[in-house]
Amino acid sequence: MKKILIINTGGTFNKVYNPLTGALIIETNGDALRDIAKHWLTDLKVINIIGKDSLDMSDKDREEISETIKEHNEKSIIIIHGTDTIDKTAKYLDSANLKKEILLTGAMVPYSIDPIEATANFSSAYGYINAIDKSGIYIAMNGVIKDYKRAIKNKEKGYFE
Amino acid sequence: MKKILIINTGGTFNKVYNPLTGALIIETNGDALRDIAKHWLTDLKVINIIGKDSLDMSDKDREEISETIKEHNEKSIIIIHGTDTIDKTAKYLDSANLKKEILLTGAMVPYSIDPIEATANFSSAYGYINAIDKSGIYIAMNGVIKDYKRAIKNKEKGYFE
Amino acid sequence: MKKILIINTGGTFNKVYNPLTGALIIETNGDALRDIAKHWLTDLKVINIIGKDSLDMSDKDREEISETIKEHNEKSIIIIHGTDTIDKTAKYLDSANLKKEILLTGAMVPYSIDPIEATANFSSAYGYINAIDKSGIYIAMNGVIKDYKRAIKNKEKGYFE
Amino acid sequence: MKKILIINTGGTFNKVYNPLTGALIIETNGDALRDIAKHWLTDLKVINIIGKDSLDMSDKDREEISETIKEHNEKSIIIIHGTDTIDKTAKYLDSANLKKEILLTGAMVPYSIDPIEATANFSSAYGYINAIDKSGIYIAMNGVIKDYKRAIKNKEKGYFE
């Protein structure tokens, strides 16, 4: 098995309901991934950074993701990211020429509301990264796992294709 | 994306509670996989056969799995199987020399009781099979995805390692 | 058993996640109550009206609730209502002098996110109304079931007391 | 609000899946009720005794329930009990002439598999007991809350009526 680093940057995947305000907020300690690991009876190495909705992600945030990837020895990286700008971040990381296997994933519905989709997105990324043998930037969403240039969010239908 | 055939043979993955008898029984129509596909916003091609607990699987059942694999054109096969004899079926299929990519997976806890583990097992198999480029028989359970000869169920601890 | 009419007016109880917008919206067809009835193996008589967040409720809406109560023969009424103005509606109905047993209930967290609290609030109202023998306006929330004048939402802690 | 004592005796309500054996076993520490209390944002006073499937309940066990009721000052008692002999225990307690408000409840499906039914049964008992003003032995199941002599389990259909 490969050593995988999971970089958790926020996004819908991590949203939880705040009963005091009635709003969905991003949980920034990685509770969702910890819950998946616990039920899956496995260990996951997770770093929690940024903690933003993807619409609020700046290039400075993308630079932080890129630096985090460089700082770590793992060659296999899964990034949890909001879906609205997941393609932008993928492109940014492509330009950075990191020479690693990088899979970006996320969720259309928060793990806290529907754990199935988020779990399946993450786990399919986890399976894929364990088998690929070439560097690149990929997106894994809704059963679609492709080079990032070809994985497109259908904003009307609400899934990737 | 590869064309994947999912052969659903029963096992804990598919067990549901029967309130009239108080027993867990194997649901044989693939409701669990259908539910995953629905939440994952994707389509899965599933064939439901056998519908047994893996302790009840005979070599005749294994032959049926083997024949089902041969009858279909898909080169990528995911088999949902009970965990107690998943290694036996893997060995049987290995002997059959099928020249396909075959991943066996299942669950320690029924999908109907804890959907996370079953979803993660299945989805990691789905991700892995999309990336591998050589034939073989693999097991995907609890974050472990390996050649079947090296994926072992720890019966005391209740997970694969 | 008494004949109970459930008037479903919206509120957090009925909110669901809209993956296309990322927002929580009020589901106005009574899916949450239907789901409770299905799992509870019982039938519930539900009328869906208004479909608003309680902060958006006007006195015109309260009049609609009052009229709906008058139009129906049932003497036992459960109202699903947002919690922020549940006390205002209770007071309004008290003034209307309806001479029925009226229990208002709702949820701090949507049924679609955490079914336990919403189910417990509703079912405790259901149990209470089956046993009381005098008209009045009551609130049932978080294990507190009282005359509406004494059931207060603690907005800092996020529950009724 | 009344002071309520909850006597948790086991039954389907408390069953959980044991992944090592594949069997459902009775959880005897009251995890299910603790989970309901946590989500409901309330406190419950629970005593866990016996911890049996109701088919295994003996008159000695019923005597233990009766003694537990006598030993405590609370006049309002909710008993969590298996459904197969809930009527027998009700009759036993009726003979004991305890002069308290006693509601027996349980579940057709374990809380750990379907939390809705178990929560609704318990919460409807909780609501009912807060409103009744006369001693007696009642059963609360599937929206039916009646004197125990009139609440009957339909074993073919799998609910009370």
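Observations, loosely collected:
Per-chain numbering from 1; labels A, B, C and D assigned in written order.
We adopt the following convention: contacts are C-beta pairs under 8 Å (C-beta built on N, C-alpha and C of every residue); 3 or more make two chains touch, one makes a residue touch a chain.
All of these numbers come straight from a predicted model, not from anything done at the bench.
Between the contact lists of subunit B and subunit D, the overlap is empty.
Ranked by separation of Cα centres from subunit C, the top chain is B. Averaging Cα coordinates per chain places subunit C and subunit D 26 Å apart. For this pair, subunit B with subunit C, the centres built from the Cα atoms lie 44 Å apart.
In whole angstrom, the spacing between the mean C-alpha positions of subunit A and subunit C is 39. Residue positions of subunit D with contacts to 2 or more other chains are 108, 114, 158.
If you sketch which chains touch which, the chains form one closed loop in which each chain touches exactly two neighbours. By the document's touch criterion, interfaces exist between A-B, A-C, B-D, C-D. On subunit A, the positions that touch subunit B within their shared complex are 1, 35-36, 39-44, 108, 114-117, 119-133, 140, 142-146, 158-159. By the touch rule above, subunit A contacts subunit C in their complex via residues 12, 17, 19-20, 22, 24, 108-110, 112-114, 155-156, 158.
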